[in-house]
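Both complexes shown next keep chain A, but they swap its partner, so chain B is in the first and chain C is in the second.
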Partner chain A sequence: MEKVNAIPSLTWHRLRVNEASEKGAFPPVPRRGWGAGDVTLVKVPRGITVDEDEPIACEELESGLGQYGDRLISENANSRWAVTVEKKIKNPLIIEDSVAAGCACVTCGSVYAVAGSALKIIHIFRGDEGVSQSLTRIYLEEGAQVELCEIQLLGAAVSRHCGVAAFGQAGSQFRYTRMELGGAVTVCGAKAVLSARSAAFDMACAYMGTGDEYLDFNDVANHIGRETGSEMHVFGVLGGTADKILRGTIDFRPGAGRSVGHESESVILMSPGVRNRTVPLILCGEEEVEGQHAASAGRLDEDALYYLNARGISPEEARRLMIEAGFRPVADRIPDAKLRDEVLEELGRRIASL
Partner chain B sequence: MSTPLLKIEGLHVSVDEKEILHGVDLEIGAGQVHVLMGPNGTGKSTLVSAVMGDPRFTVTEGRIYFKGEDVTEAKTDERARMGMFLSFQAPQEIPGITLENFIRTACGAVSGKQPKLFAFRRELREQMARLGLDESYAERYLNVGFSGGEKKKSEILQLLMMKPALALLDETDSGLDVDAVRTVTEGIKAWHNAENSLLIITHNAKILEGLDVDHVHVLSKGLIVRQGGAELVREITEGGFASVKEED
Partner chain C sequence: MAAFDTEKTVVADIDRTVYDIKDKVDAAYEVSSGLTEEIVRDISREKNDPDWMRDFRLKSLEIYEKLPIPDWGPSIEGLDMKNIVTYVRPKTGMSATWAQVPEDIKNTFERLGIPQAERSGLAGVGAQYDSEVVYHNVRKEVEDQGVVYTDLESALKGPYEGMIRDHFMHLVPPTDHKFAALHGAVWSGGSFVYVPAGVSVEIPLQSYFRLNAPGAGQFEHTLIIVDKNAYLHFIEGCSAPKYNVANLHAGCVEIFVGEGSRVRYSTIENWSKNMYNLNTKRATVGKGGTIEWVSGSFGSHTSYLYPMSILAGEKSRMEFTGITFAGAGQELDTGAKVLHAAPGTSSHVTTKSIARDGGVSNFRSSVVISEKAAGSKSSVSCESLMLDSRSRSDTIPAMDIRTDKADVGHEAKIGRISEDAVFYLMSRGLSEEDAKALIVGGFAEPIAKELPLEYAVEMNNLIHLEMKGSIG
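Entry: the complex of A and B
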């Protein structure tokens, strides 16, 4: 029952990859709770409603972390936010979580997107020490479009757990961007349920693991409706003795005919000491589906590095550029130019110290 | 006589333990245009790769001097910063780095200071227009999805922006349609002056039209077998390599 980031099927039993290891366990909740949290709704665009309570439809959703993790976060949250969106909103809602030594920010958020509405959300996580946990649950009615962009800029001493749950009705689109640049322990799980015809899930994730960091990802696309689509693409760079596991599941349920799901991961390994595991899983409960998976892991492309050198760019700079290049398509999805520049700058700093 | 811009002395080059070049001598003076011809697989690309310092090629004997300095052991990026430029026969595709960003970084690397954005953009646009590359390509990832000809134009665009002292063009004309070859030649002419030099590898005389060729070198089986003036280009394109080798 205390499993975190568990894969939906126990195929890889012997490899011990079915769920997060002890390194990815939740830190114990202090007897008196987490204390005060520091979450700010930095920018609230006009036209959305900030709610007092979480909609019941959202409460019932499960994230990739699983029931146990979801409950730990939702029951012990020290900050909460909930919004309802009823029309198409252009400017993004920007939320910022901050942690510091001895402080935790445990945030439970929810979005209810009414039929035909659209909303972009940027959620930033900052701070050098402490505990950062978040659970974001999103309900999309017919044709609703929600874009969630989570940017994690935490320091190397933060324990981080992040769950995302989305439920999409017919024709809805959930676009999810995740950038994980820091954290001693990073455990993230996103799950999208494509409940009816033509619902779509589009995820792009980029991560960086250095030192002896532990990174654990569990992402799931549940295809229930016909002609549903999922794209889950991940880029990562690992250095030092970082230990990473990524579980990516495309689950075609009976009735999900003519659905399409693609997943991929490309990892750059900067040191021989890293541990890199990828567990792709495509479950076919339906005949007429297309599921594809691709993975690559290795050092930086020597030919590309040489090409950059031939243009006067030093080997160190070329290495930095090549890593940045992997992050770029993910960073380009951040719907705010100022934040995007800040992220790229921070990224440059972190790559330099890889 | 002033120091030649590039001087190659008795160069032996191996790849995977196999010797490809068996002692090549070549001198290019400032402002000169040289042409390197020769049958497929004789080592033309190997020669320019060794001059550029491609780590896959090992110089086992001989020296390379650039601007009077011995660069035989210098790293590729150092040679580039000294003013050497190689237009690749098969340019790399690099997803995630836009053409504009790449060229700006490269210009910054060779000049020692990052070019001012506004002036840089204006010049980039001008040069792109000159080469018939649509403006939108500046924001595309480097060579990704470019056609064969567009990749070659992207190489020449880099040449025009980086303004090197020596350009080594490895079959820049192959894959270009007739009009594109003319456009590229025009671009090269606009950059070429009394100080900077060219070494052009080609199987075709078209790219040389309008350029004053000073010297032609014919490479065969890893050795320069014939040297001469511009007239050699015609002999070869009309009579093939057999017609020129015998005279050696």
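Entry: the complex of A and C
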């Protein structure tokens, strides 16, 4: 089996964290193919044109899913979008993928951001059944700023694979927000290559796993240029018998002097049947860097719950408040107020079902 | 953005002169290099193994041949088993007095300070030279408490054979990994310790392993069984002179910690830089028991070393405190593993590593909290100091939590000496050079203070941190 979400530096095989398990394998394409899901350009801001011609610079970029996953999505894509950004665009580009039973949205997107330009993209994933796969590749020239916000509101019978690849030149900024609220299988991998001085990667991710869902993440920041920066912060909630693996890698390559990378994960465990695996890597081939990671996992803070109860808040409400507090900083990054409210409402429903 | 210090800090390499003195190789018997069934049978015959042990060796060899070389750690391409001599017996038997040990071997251990340490503060000492134990002694008052401390092979042929058969390679089965299987096939030497229930061995026991022969392997087995409500501190030291051919150390340590007991296992590993150190250490801990690992890794060309603790009894505990210092030509992959397999267990891992002069220091860990381990807690903290950009330091921890009733924390930091700390100390009147010396010394201090005094001194000698600030 080809590997998906493979970790950049292997560890003991018996831990079964070196790559996604069989549960995270790409679903086979039916002989007659999938029916195509709906991909809608909900909002296209003034100043950009969306077409299907992928810029050459994006073609070779590899996501955290790895070459195999990228190739499958690229070969099976039934929808493509490409944007070249030449100036600062204020309003976000909003794309929505909707799947249904027997259907798949296999979407390949690419963004070429020329020097000094800026663009925000919101990519929403909806549907109760089917297959959702996306690969988004982003090339940032000097000083370009791209913000990608992926919101996954899929139902409990959807298989999802999501790859994000970014390559940043000097002074570029890639801001990535990922909210994963559903899906039977969720396999996501983001990789940012910070190729030149002061390129930055800022990632915030929140996820919820319930039932017997499988969640598998592989996020990588490759620091190549000097004074590059990465921030990768993840919050998650696991209930039922959900099974999750998070791999987060900060890779300081020789020459990446004065670079800084921080990563963290905080997981709330809501049920005795959950399985939570975390592999936070720092790979360091450069002396003059600062790298840090932190991970914590456990139940909701009982002191805080007690405090809220003492203030007259019911246990259910207190629980909702505390979980929502973890999601809130990620939700606040959604650059569209209406969508943000919808996400918080959906989040509230899903917390109640935990 | 962090503040970065542009001054360079120079940390000297470890002074190995005393460890590098070679004795003339004058073996009484050695097997041919390589690994075959015939060689394994030769070793078994030479050691006069009971039949079950011979069969165990042969079965282990079969397993060895089937298992792959690990693909996840440092390269061991330079290790060719065809060139390794797996058994070298020195020209002496085992003695209980240093006077009976041949002069050259005794001088080697004198230089290493072993007899002096025994006189000044050890309850017993075992000394292994190449493949065999040449000295073993335990204080009478400790022996009178019912403590057994002897070489493993004597124990295997005496009244403890049953106990050994019930425990030998049960914690680390030959199927565990390729080099555990190799150990099972060719093991030789090592110590057996039994501490009866309720006995506290107030002063430590020590085993010291010296490998003198070039191209040889050392495969000692240490088996420690501590009964209920007892205490033991066991110290392991090792060294070898440097040769220009690969040497191999694939020892194995198995520790059984009884209910309510506490065992501390301290190691100063100082193999030469042609050594492949593929060692396996494992403890299982009963209800309310504690295992404490204190580990200093300084030597070897390549190391794979991750003491593992199985917290099998309710409210059992594990602590691991380790330091790794990797210099030129070294790739030291060290860390710890813990399996929480019972309710209310706790583990605490603290490590420091220093990489300099092109050395590679990796921290690798695994914390598994099983479904049965409700109410367990674990914390892992690792800090790495990079002293130049030719070196490398990777941090590869993994956590696997299978219950909601657990609290697990992990933190890791990597970087160079903090400019803020240097500035603060200088504002208190220290020179920049002294400030940096103090910071690097302080970095290793949490580990040094866990060692008995004489070993803390040895560690400081080993690190021999010489700070030379280049100011302005």
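Simple rule for what comes next: the second predicted complex is superposed on the first by the 343 of 354 C-alpha atoms of A that agree within 3 Å, B and C clash if a C-alpha of one lies under 4 Å from a C-alpha of the other, contacts with A are read in each partner's own complex, and residues count from 1 in each chain.
We adopt the following convention: a contact is a pair of C-beta atoms (placed from the backbone, for glycine too) under 8 Å apart; a residue touches a chain by one contact, two chains touch by 3 or more.
Nothing here was measured: the structure is a model prediction, and the numbers come from that model.
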{"item": "Chain B versus chain C as contact partner of A:304, first or second or both or neither", "value": "first"}
{"item": "Partner chain(s) touched by A:279 [first = chain B, second = chain C, both, neither]", "value": "second"}
{"item": "Superposition-derived comparison: chain B or chain C, residues of chain A touched", "value": "C"}
{"item": "First (chain B), second (chain C), both or neither touched by A:196", "value": "neither"}
{"item": "Which superposed partner A:118 touches (first chain B, second chain C, both, neither)", "value": "neither"}
{"item": "Which of chain B and chain C A:25 touches, first, second, both or neither", "value": "neither"}
{"item": "Partner chain in contact with A:156 - chain B first, chain C second, else both or neither", "value": "neither"}
{"item": "Partner chain(s) touched by A:317 [first = chain B, second = chain C, both, neither]", "value": "first"}
{"item": "Touching partner for A:287 - first (chain B), second (chain C), both, neither", "value": "second"}
{"item": "Chain B versus chain C as contact partner of A:271, first or second or both or neither", "value": "second"}
{"item": "Intersection of the chain A residues that touch chain B with those that touch chain C", "value": "none"}
{"item": "In the complex with chain A, residue positions of chain B that touch it", "value": "52, 54-55, 75-77, 80-81, 86, 88, 91-92, 94-97, 102, 105-106, 109-110, 158, 162"}
{"item": "Chain B contact footprint on chain A (complex, rising order)", "value": "303-304, 306-315, 317-318, 321-322, 324-329"}
{"item": "List of chain C residues in touch with chain A within their complex", "value": "1-2, 4, 71-72, 364, 366, 368, 371, 374, 384, 386-389, 391-416"}
{"item": "List of chain A residues in touch with chain C within their complex", "value": "9-13, 15, 17-18, 227, 229, 252, 254, 257-258, 260, 269-272, 274-299"}
